[in-house]
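Two complexes come next, and they have one chain in common, chain A, joined by chain B in the first and chain C in the second.
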Partner chain A sequence: MKSPLRLERRLTQPRALGWQVPLVSIGGALLLGAVVLLLTGKNPIDVYWRIIQSGFASKTALRGTLVAATPLAFTGMCAAATFRIGIINIGGEGQFFVGAIGAAFVGIAMDGAPTSVILLSMILMGALMGSAYAALVGVLKAKFNTNEIITSLMLNYIAGILLDYLIFGSKSYLRDPRSMGFPTGKPLPKGSWWPTYNIGSAVIPFGFLLAIVIGASILFMYKRTRFGFEASVIADSPAAARYSGMRTRAKIISVMAISGALAGIGGATDVGNFRHVMDAKGLQLAGYGYTGIVVAALARFNPFSAVFVAIIIGGLTNAGYALQGPDFQSGLVGTLQGLILFTAVAGEVLMRYRIRVRNNEKNVAVAS
Partner chain B sequence: MKKFWKLAATAATASLLVAACGSSSDSASDTTVASSDTTASGDGFTLANFTPLEGGTVVDCAPKSGPIKAAWIYVGPINDGGWTQAHHEGLKAVEAALGDKVETTYKENIPEGPQVGTTIDQLVADGNTIIFGTSFGFQDAFAAAADKYPNVCFEFETGYIIKNNMSQAYGAGEDGDYLAGMAAGAATKNGKIGFVAPFAIPEVIRGVNAFALGAKSMNPKATVKVVWTNTWFDPAIERKAADSLISAGVDTIASAQDSPATGEAAKVKGIPWVGYDSDQSANFPDIWLTANTYHWGDYETARVQAALDGKWISGDYYGGLNDGFIKLATFGKIVSEDTKAKIETKKAELSAKSGSQFTGPIKAQDGTVKIEAGKTASHADLMGMDYLVDNVIGELPKG
Partner chain C sequence: MNSNILVIIAASAILYGTPLFYAALGEVFAERSGVLNLGVEGMMLIGAVTGAWASQHLPGTSWLVVLLSILVGAIAAGLVALLHAFLVITLRTNQTVAGLSITIFAGALGLSSYFANVWHVAAHPVNHPIRILNVGGWADAPIVGPIFFSQTILTYASWVLVVLASIYLFRTRMGLNLRAVGESPATADAMGINVIKYRYGHTIFGGMLAGVGGVYYSLTIVPTWVDGMTKGAGWIAIALVIFGFWRPDMTLLGAYLFGALQSLSLTLKARNVHINGDILNALPFVLTIVILVALSSAWARKRLGAPAALGVPYEREER
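On to the complex of A and B.
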């Protein structure tokens, strides 16, 4: 028996879809969420109001939200930068780690230098480490046609083990020699801390402003430069790109390197702006790299939009912590967040397909 | 993750001592011991095994009216079957003891990192005046919050930073580990015991050593083969480590991990198992020996009560067998009456003098005497233990 509904590929994508689809997705998510909430005996309107309050509207909310959003903005840009040209770099996690390692090293070693010099060096070092790490994947893909999904994923584990090794397995430069009981990273001297800006009651970390600037630059690069144009041709048709004389291999490596640099700067931000230490366990628990993929998908692989999607996800995360407690188990919070994300990403289907009701009479006519 | 704190606690205490003597050298040879006597502060708060912060002043975190709002921040889920669950039972004990004088809340699954500060901000904004942190990785955020909110009482379990409004708590796990080691020493037939251990850090090393000494006391030929997993909680890795020990020929096994994965491995082979921080006697009746467990409820109740009375003062708590902070889980049916009696005798001894199992002569693996005959390790020695005793087989990672 055939379903009365079917999906049909859209030939054109009307502009209005750009806002209609997200609206329908979010509406759907809220409805589904309401069902779950009602089933567990909660008042959905009340809960949604609390989410808005604690994620976005209250005085302390914006600060917490930006703290949660900043790393996601970088890993989101990292994923978006490659996904949009058809390379699946899921190694943002590992590239973020090595960026944090490099930045922590610089931040500690340069103690005493002017903060602005340290800050710039940390950003550059984070970018360099992340980009070198990602370029490994790029070279393997370009030269040997290895599957970048596998290699970038495997490198995440290696970076995680490297973090453990630096703090737990060796007396490395990054390990705090005073941490007798439980090994921890060496804290960054205060002079290496990145600034935060107070604007009204909001506290804006420098790293977040950096994310906005970088996001805009990356978007510009893809939309307005020759590099970006060639990258999108390669994405659409590698063969055509090659025939027209484009250096596809070099481009793949470059795009991977750029993508890795974005995650690496995110790692530097984590060390410089938030934790002020290379936190081996905390970084691995956070899973910024993987959440970044969701951010990128919601941003339709637009690096600039990723920054703003990160705010939404950051706010949801932050609201989640505020929401949960004895009367609201963390599992339920996770379910709600998952539903919202899932519906939002699933809504993407409607951008490319439309739902058609089967015309039965016609089918019958054709059959006879 | 849970253990972070413990480790931390270890270091904590050590650095506390350092701080207290105003010296900045790394390891004080101070002999201050958080002993079992009742320590009194000038302000009327007394609690066994609690050493008030020298020069500390009473922090008034009592509510203006109504019940006191107390909050717990956990790194894991409340039903993890280990560290977080043990802390959550502390919360429930506080509720049961103080009834409507307290209003508790908690946040679970809070990742270590910048989010902790935000969570504390939210809890303070909600009116909580005493906040418990239970993951070592939360420590820096708690220390920062303690400076930011001088009228909120912060309780940390476990770490090492002590401030006027940030107190530390942990306890003598090594005493329970020694008793558990006795059960394993009595259970082994070929003298080979396996030990699945998380991190090679002083707190865990201390536990492994205590366990090995306990085993030796029951069977002079008993050896303890240790494998480091470098994780507090990862059932797959724990299982692998346990399997590798079993195939290396151990006939009794123990773990200091948060999951019962080692027990699952032991169950397959039917060999005796010593668990950790959770009584699994009902789930593994045929192989269960016992386990060292932590009980936070009494301490936390006393602290919340002190806050209510306006008598809260910061300090360092190091609980033990004597005040019920450390308890041995139910003995399994395979533990003989004779062994139980011997363990009970030793338990009374350790309860009276915590840490006395580390009385010399105690030799390290390479034969050097670490604790001279007749001497007992100081609290600082225990906190900084960095060698394995001579009946442990295994290596410490080299720096």
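On to the complex of A and C.
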């Protein structure tokens, strides 16, 4: 039995598909989500309307959305950055955690220093921790050809356990000694808090501006520098890259380190700009690293677009927080995000193939 | 004698290793056909939540409900696997990203949690847990009693399954065809084997086994639903396939090793041995990385029998 449709490889990719496909993906995800909602006895139009209302439709909604979007912008860039070299880093989650740990440590220890110095140190420490954690995966990949997907994932769980250990399992420096019954993290002193700016009627956290700047620089690095060129050659053909004398192993490790640094800065942002504490439970429940993969896929692995796609996904996340209750179950937002990734992946097929209705054999005979 | 710590560890290795084995065996089937399924964690959780729901709502005698719950979990997870199969076999998308999308969609923060909340699965424990049996009244026999005669029905079924799966893979025509599809789909196609059908069939069956593994979590290990209760077991199962050299028997041994590690912190705590629980919890994940590094050189992979076409979509027209 032959299927009536067939996929035909495109010879050229029209530019317009670059934004059409993500839009179609979101539409497709909303349709599939509507099926899930109908099956569980909900009215999809009502649910989607409320998501738009509390995610995007007011000043407070947008403010919350930018807060939710900032960490996702960083984890999205993190996932996008390695994809350019043909590696998949799903360790953004763990790299985000260790970045948060490093930044919280610096933020508390440097109490009293000028805010700008603390801020810079927190960013650097977050980046350093994240990149070291990711470089570990890169070294294993480059030296032993170890599957980076599984190692980076295992490191996510290990980082999660490290968070638990620091707050619940030991009397670490980051644990608040005043918290008796339920241990919590030590709050950051006010001097370590990152600023938030009022621009026009919008309230923009410093972390989000940082994400835009970093996203633009990463895109420049990939598009306009020798480093980025070599990375794309390695992605297309590792063998060709090696024969032409590129140092593929070193490149894999450095791309992983850059990617991890991005997630680590995201962790620093979470501590410095938003929570002002290393929140072991909250970080693990948020799943920023995994949602970052959704962001990256929808941005078609372009680090700069990822920052703006993060606003869409962040709006969804924010609406989830705002609406969560007996008639808006948690898990719904994650389901929708998964569906978006699902359709974004399927959408890549539209980029690469043309879908043709199979001609029936008779017509072909007549034509020839 | 039965309270000897080694006996307890061996018994709980089997108790905790069984769900890992089901999920890993499912992955063996999928990977043998050339499909990398990274959605195992999501499929396990869907199996766990639907199984728990079935146990709470289906009428009937206890053993019947248990059987039906296992079936419901398997079918639900099989449907999720069908989604994965469609993405990677028909649409030929990147198998890694497709598998991730399945785990994010169905996983701890996604559909499994949504179902649990909509159906109030977490509100009370399941009505009909899968009980630990006392086979022939031998459960109290020295040493062998706790290890071999007081396990659950799914453990005994898994022992039958490991034999059947080995025979299927290495002693039957279909098994030979399956391995051909995973090694060289073009050759298999030329031999008249329906590559697409084999890949769909084994990916879905693999997903169903992952679902059974999930049901084991919600009906035996913690007979109540907890969001994200498999805690990474699906990912360990994927790594287990590599440790098990893509063979059912070796996968079973690997699953028991990891089962022992997972239960270690509980066992030691019960014995008042004070080792930091977090360090013990991290052990399975650390060990996974260590073993993976040891087995991951190109030489080792070739010797171990990784299917040559693993992760590569098959396009008949692009040979």
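Operating definition for what follows: the second predicted complex is superposed on the first by the 300 of 368 C-alpha atoms of A that agree within 3 Å, B and C clash if a C-alpha of one lies under 4 Å from a C-alpha of the other, contacts with A are read in each partner's own complex, and residues count from 1 in each chain.
Just so it is clear, a contact is a pair of C-beta atoms (placed from the backbone, for glycine too) under 8 Å apart; a residue touches a chain by one contact, two chains touch by 3 or more.
Every value quoted in this text rests on a predicted model; they were computed, and no experiment measured them.
S.K.: By the touch definition at the top of the document, which applies to A:129: first (chain B), second (chain C), both, or neither?
M.R.: neither
S.K.: With the two structures laid over each other on chain A, which partner does A:318 touch: chain B (first), chain C (second), both, or neither?
M.R.: first
S.K.: Touch check for A:64: first (chain B), second (chain C), both, or neither?
M.R.: Only chain B is touched by A:64; chain C is not.
S.K.: Considering only touches as defined above, state whether A:265 meets chain B (first), chain C (second), both or neither.
M.R.: neither
S.K.: When the two structures are overlaid on chain A, which partner does A:73 contact: first (chain B), second (chain C), both, or neither?
M.R.: Touch status of A:73: no partner.
S.K.: Looking at A:330, would you say it contacts chain B, chain C, both, or neither? Reply first, second, both or neither.
M.R.: A:330 contacts both chain B and chain C.
S.K.: Using the touch criterion from the header, give the chain among chain B and chain C with more contacted residues in chain A.
M.R.: In the superposed model, C touches more residues of chain A.
S.K.: So, does A:149 touch the first partner chain B, the second partner chain C, both, or neither?
M.R.: Second partner only, chain C.
S.K.: Quick one: is A:169 in contact with chain B, with chain C, with both, or with neither? Answer first, second, both or neither.
M.R.: Once the two structures are laid over each other on A, A:169 reaches both partners.
S.K.: Contacts for A:279 in the overlay, against chain B (first) and chain C (second): which applies, first, second, both or neither?
M.R.: first
S.K.: Enumerate the residues of chain A that count as touching chain B in its complex and touching chain C in the other.
M.R.: In chain A, residues 164, 168-170, 285, 329-331 are touched by chain B and also by chain C.
S.K.: Flag every residue of chain A that touches chain B in the complex, lowest number first.
M.R.: 54, 60, 63-64, 67-68, 164, 168-171, 177-183, 187, 274-277, 279, 281-283, 285-286, 317-318, 321-322, 324-326, 329-331
S.K.: List the residues on chain B that touch chain A in their complex, please.
M.R.: The contact residues of chain B facing chain A are 1, 3-12, 14-15, 26-27, 77, 104-115, 117-119, 121-122, 125, 136-137, 140, 160, 199, 201-203, 230, 383-384, 397, 399.
S.K.: Spell out the part of chain A that touches chain C in their complex, as residue ranges.
M.R.: 7, 9, 36, 40-41, 88, 90, 140, 144-147, 149-151, 153-155, 157-158, 161-162, 164-165, 168-170, 285, 287, 290-291, 293-294, 297, 329-335, 337-339, 341-342, 344-346, 348-349
S.K.: Where on chain C does chain A make contact in their complex?
M.R.: 38, 83, 87, 91-94, 96-98, 100-102, 104-118, 227, 231-232, 235, 238-239, 242, 276-279, 281-282, 285-286, 288-289, 292-293, 296-298, 318
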